[in-house]
Amino acid sequence: MTANGSRVRLNIGGTTFLTYDETLAQFPESKLANLSRCMDNYDDYTREYFFDRNPVLFGFILDAYRKEEIHLPGDICGPTFRKELEFWELSLSHVAPCCWEALYKSDDDVKTVNKLMDNYKKNASIRLTLDNHCSYRKRLWLFLDDPKSSYFAMAWVTFISLLVIVSTVAEMLITIPELGEEYTKSEKQAIDLILAEYNLDNRTTERVYSMKPNPYLTLTITCCHVILTFEFILTFIVCPTKKAYMFSVVRVAVFLGYILFWASFTIESNFSTMRKKEMVLVYLLCKYGTILKLARLFYLSKHIPALNIVGVTFSASISEFKILVFLLGILVCIFGYMMYATEFLDNDAMTSTFVAMYWALITLTTVGYGDMVPYTVAGHVVTSVCAVCGVIVLAMPIGIIASTFNKYYNFNSYVLTHVHLNSEVL
Amino acid sequence: MTANGSRVRLNIGGTTFLTYDETLAQFPESKLANLSRCMDNYDDYTREYFFDRNPVLFGFILDAYRKEEIHLPGDICGPTFRKELEFWELSLSHVAPCCWEALYKSDDDVKTVNKLMDNYKKNASIRLTLDNHCSYRKRLWLFLDDPKSSYFAMAWVTFISLLVIVSTVAEMLITIPELGEEYTKSEKQAIDLILAEYNLDNRTTERVYSMKPNPYLTLTITCCHVILTFEFILTFIVCPTKKAYMFSVVRVAVFLGYILFWASFTIESNFSTMRKKEMVLVYLLCKYGTILKLARLFYLSKHIPALNIVGVTFSASISEFKILVFLLGILVCIFGYMMYATEFLDNDAMTSTFVAMYWALITLTTVGYGDMVPYTVAGHVVTSVCAVCGVIVLAMPIGIIASTFNKYYNFNSYVLTHVHLNSEVL
Amino acid sequence: MTANGSRVRLNIGGTTFLTYDETLAQFPESKLANLSRCMDNYDDYTREYFFDRNPVLFGFILDAYRKEEIHLPGDICGPTFRKELEFWELSLSHVAPCCWEALYKSDDDVKTVNKLMDNYKKNASIRLTLDNHCSYRKRLWLFLDDPKSSYFAMAWVTFISLLVIVSTVAEMLITIPELGEEYTKSEKQAIDLILAEYNLDNRTTERVYSMKPNPYLTLTITCCHVILTFEFILTFIVCPTKKAYMFSVVRVAVFLGYILFWASFTIESNFSTMRKKEMVLVYLLCKYGTILKLARLFYLSKHIPALNIVGVTFSASISEFKILVFLLGILVCIFGYMMYATEFLDNDAMTSTFVAMYWALITLTTVGYGDMVPYTVAGHVVTSVCAVCGVIVLAMPIGIIASTFNKYYNFNSYVLTHVHLNSEVL
Amino acid sequence: MTANGSRVRLNIGGTTFLTYDETLAQFPESKLANLSRCMDNYDDYTREYFFDRNPVLFGFILDAYRKEEIHLPGDICGPTFRKELEFWELSLSHVAPCCWEALYKSDDDVKTVNKLMDNYKKNASIRLTLDNHCSYRKRLWLFLDDPKSSYFAMAWVTFISLLVIVSTVAEMLITIPELGEEYTKSEKQAIDLILAEYNLDNRTTERVYSMKPNPYLTLTITCCHVILTFEFILTFIVCPTKKAYMFSVVRVAVFLGYILFWASFTIESNFSTMRKKEMVLVYLLCKYGTILKLARLFYLSKHIPALNIVGVTFSASISEFKILVFLLGILVCIFGYMMYATEFLDNDAMTSTFVAMYWALITLTTVGYGDMVPYTVAGHVVTSVCAVCGVIVLAMPIGIIASTFNKYYNFNSYVLTHVHLNSEVL
């Protein structure tokens, strides 16, 4: 910084920069350290080197030579600055730690935008393969899948949505004992034969007796499922991209749900087949598996487009979920084991480590049912630590998941704006 | 970027920019690509084009030609930059994804400000229609509605607020059995006649017997309501903008509450009318509907102006609420159904899917009363997943609602500052 | 923006700006619209007006004339820009809504810094009044109050802290029945005489019998309090700023606690005085009031300086607390009243609206003890809404309180750095 | 700011700044106030002082002279600006409070980066000491510790991980009573002899009888521990940096766990030694201490690298934890004591202040088991305040801990990028 160094004059996009020769020697491998008067962009008359670059950004590039490390303003987008560094042949490793965030933070934004665009395109792709040829099959597909394609399609989607709601509600209503009927005497005897295989107590037997479903509800459910299954199969047949269809978790779950529903329906109809113990087990498994049909409810999300951001957030937060599950898992093991070791003699509720682990999870998530509580002083201490740990440890990954969702939610509106801007994107 | 391209000199608001012809050809449809020496703003002497624009922003406009996509610094407010892009005839679709946030984020701020200003103006509008003519009716309105208009108005509003508090507290005190009286024998017989229609057990009958309200409290409540109803009707009569009045949810609720209160008061006074079963039902419905009067408590918010930000936040978060309700709804259905299917034989508390859905909601919100708890190992697993899901899924939309409130809360102070700055805004 | 307007050349701190006459006419009341060649700072030779201002900020000032409203970059600190606007005679009301945040947000920072500095100075002020004269009394004060003044002072503060902990722990230990003693027969008779005035059931009488405190613990507590009371009085006597002392909530609470402790101690010693029913009541009130002594625990915070940020945050969040209390209050009233109206016949636990309000609060805060739970379907619905409302409504003000704390916590380190920088601040 | 001051011309890195003499006199101690024409960098021809500094930053340096305090843009990284201030001999104490955040905030980032780098280097250091010499011992160490060193090493680490999981699960399974066996009659007699020393009730005795562990599980556990202990000792022997090893909390815990496991194993094998009461106590303590082995589960975190960020966050949040513990501690004391004083006569559950403190903690963390609930009106009020306080007070430090984790989590990716950039860092 002595005055006896010779000055170098740089014209960057119209703005003149003046510095010393020796300042530019700071990073010897860079472009500025190897300027020579024979270069094309040296002007003998004005005695300056001309570069067609952004003068604002160059101010910070040149400053790096004076400060011996690269600093950048926090509002410059990282990729732009990285391109400048590349042009001026400066290594990223010279960037000072205080500016790493400025350099890299927008990479995360780009990742977010790409994820959202991918999701957008995936949803649209099935539809797009149609635009070229328009066979009947593809028109049918458009009708079944895209409510915006025509009024009839909208009516159809609304009708299917209603069927989904009606059948779900009916399946819930059917479990209310008051709406059920009494089994006839002959049916009770048939059931008794089945139950005889299992050593059930009276209470359970009573429960089973009281569960004859309401016939009107049964009819409603069956009708709904006939139509829904038909719609499901039809959609699969006409779908132009069967592969994308088959890898959708929701659709596979619904598919299994339907198969199990009709399987249990068949067994139910042939009541006599249930004599065999194995058949009853198969029936119960099928019946239990019909829960998978509930995945249909996600179909209704067609009416709330913002919901698929939740899905994208989940797929983008896999590493945070891993942390959450691992942390929770370790804490559950430690506190469960400690509580069992501390109270197994005094506490009838803590029958095994696994039960104590369930207690630990319910405490860590601050649900705290109170069906299992500590009785000893040591147990109180373990519980207190467990409750405080739960509040702290859960806050960390969940805070990140919530802010990821926030980011995706905000960026979704930017993406939608840009998708509308360039309709050629799709 | 070769040196043999011819240089173009641009004078942007006094600052000189220098670039190559071919750089400007990057976006052929833009203004800079179509510069011609015949233009008015070309200066033959200095050989530069003059534009009366911001040189700082132009630095980034010109840089877009060099980088082949538009980047902007994160601290520039989006609308300003969009105006520049428009002036220079560059399409928004050239903006790189890493800079979309910078471009669009202040739109959200503008939306926030507009919402707050609308809310501010709506509240002020009724008052403002007065300023021109000052009939007696309008003076009365000012007196009733705006405590800041005069000392008497302030006293009146305080008096009404006190009446609201007194009547609410009295209605709560009246439910305390210890403050009640015993029914006389003749009254009990009258009640018995009514109750005879219903098959109530002894406990409930005892309960009904013990509910004779304290006469002093009854008197207080009636007096308060006479004045409050009078004030309500008077306010409505003199209100200059009846439409705005009628669309206020709070006022309609209070109105219904008052009607139902006087209806139930009338029936109570004519005790004999309650002989009929239908009349008792009507009476109970009326009595229950008087809960609506509690909406009056929102009147007290006149004393805490910041409270209406809560209302604005709610109206601005409708799409987040949809997501919350939908997510909660699906989780409640799935976990409720699963729990019922898992434990219906073992758990007396899970009498139907709906009860299990209530359990699922209480678990998802981490309230966890513990009146219904799982008993089987499978039930414990379902509960654990449910508790963790609840913590994660609720965090996402609630995080956004909380940050929306934060934003509105901060902007409210800016809006108030500016409203005071330009008193002509209203 | 036509080229026929005459150009104006402005030299702002060395940088030349060029614009049209008519552009500057946009805000006629401002300084730039009223430039005249007779001004001192007009240079006839260069034909430019010179202003000694920041050229970077002026770029945005001038741009306001072109865009017809003022926009500012988000990274400029608001007060600086406001000074510029004042200098250029532009009204704040021309600032566009998208830039209000940039303009005002640092006001909040300044408020935060001021609050923290005030708090810092208040704590230091008592100490500072000493530096001039050094009488014995003031030296004693330094010794008692500032552990950093000497080794003996540090030892003394540590000794007092230990006494506080020992006496608090002893007062807790004394409540453990196992550590207590049996009353002698004569004592029991004396107690019986007292209890005879009250109609206590056997269980309570047993409880009272079992509460004779352990004599060693009683001795420890009394000794500790003798020293602590002595220290308290001494500190008060030598305190140079008695007023600041008397307005400290913590010190007043501790003072009352000591008075009540010695009052109850006196009554206890004169056992016979308790024959009178009023005396027993006075004794119980005194005993209960000794809880105030627990405020002493805040003395220990001398060892964790960051703790006073919690106090500053509380005093800075008063309006948020008002919102929280009001919202909670209304929700508690509404849900409590609704639950009582819904379940008062079916639910023995809901004995009055107040009990139901307690239930509502416990549900809204997601504590959910489960000692009162709904039994009817309508009750389940009310509870579900209540639980979800609680989660949403609490998130809003608490999010702000948490982020206020975050801000104060971060700024505290900046304030401490600057306090160390300029030791003359105090 | 009058025009009669003489102008000073400054050339800062090529950009010209123009100001008045008297403006520069604002901070007399600074470099700019003491410019003299005899300086080397004064150019007599152009009449300007040349400084080889960043002109953008200098704009704000010079503006400080005009505004009488230093303001800086929020996007400039603080260390860079501080270097400028140092160069221009301006004191940091002139920086206005509104810009303190801009000045200091990146210090926190630098601290974060350093902590993460330290953590990264510490983990890598043991591995790195190997690279020079490659004795058999060090090769063995690489094999045991670094799964990435070879396929066999990976297989070995996976095998050990599996053993950890298997032994942990087996130790949990062994507590399930259904998997256990009945003690033989002779064993029961032996146990009876031991139990005779303690006055256990029948229930506990039954419990002890039912706890004979399943022999297959016992065998599995013993085998696993033989291998794991062997691996542990071997790793310790060949470890080149024993000191780092000995200060790792996890490893010390596992070490103690193994010792206690083998101690209890020895006592169990020599059943007869347990006749002595002390021996039984030693045995129980050893058995309880084996919980420490659970720390092994943290070994599995080798497969989720992001997990060590949790550890770094904990070590970086120590002062926040202090605040949390202190606040919780005081609230627990106050509410526990108050609740005990309020309800000790009415509430059988509140047997002492310590029990009431446990209740307060369970309420403050919103777990709310419901095993202890208030019964009196005063108790309800205390509980309500306690629940609301809990929600507010916990939100403050936990919000900071969560945002610290967020910061570390984000910076970790930047650190990893840079570690890959300069492989010479390690």
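Letters A, B, C and D mark the chains as written, and numbering starts fresh at 1 in each.
In this section, a contact is a pair of C-beta atoms (placed from the backbone, for glycine too) under 8 Å apart; a residue touches a chain by one contact, two chains touch by 3 or more.
As the structure is a computational prediction, the values presented were derived from the model and not from experiment.
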Check the residue numbers that subunit A and subunit B use where they touch, and answer same if over half are used by both copies, otherwise different. different
Greatest Cα-centre separation from subunit B belongs to chain D
For the two copies subunit A and subunit D, what is the rotation angle that overlays their Cα atoms, in steps of 5 degrees? 90
For subunit B versus subunit C, what separation do you get between their C-alpha means, in angstrom? 27
Let me have the rounded angstrom distance from the C-alpha centre of subunit B over to the C-alpha centre of subunit D, please. 39
Multi-chain contacts only, two chains or more: what residues does subunit C have there? 15, 56, 73-76, 354, 366-370, 398-399, 403
Seen from subunit D, its contact residues with subunit A in the complex are 11, 13-15, 40-41, 50, 52-57, 73-80, 83, 106-107, 109-110, 113-114, 168, 171-172, 175-177, 203-204, 207-208, 287-288, 291, 294, 297-298, 300-301, 304, 306-307, 310, 313, 324, 328, 354-355, 358, 361-362, 365-371, 394, 398-399, 401-403, 405-406, 409-411, 413-415, 417-418, 421-422
Tell me, which parts of subunit A touch subunit C in their complex? 73-75, 366, 368-370
Looking at the complex, which residues from subunit A come into contact with subunit D? 1-4, 7, 9-10, 15-20, 23, 56, 59-60, 62-63, 66-67, 71-76, 91-93, 95-105, 108, 319, 322-323, 326-327, 329-330, 333-334, 337-338, 340-342, 344-345, 348, 351-354, 357, 363, 366-370, 373, 377, 380, 383-384, 387-388, 390-392, 395-400, 403
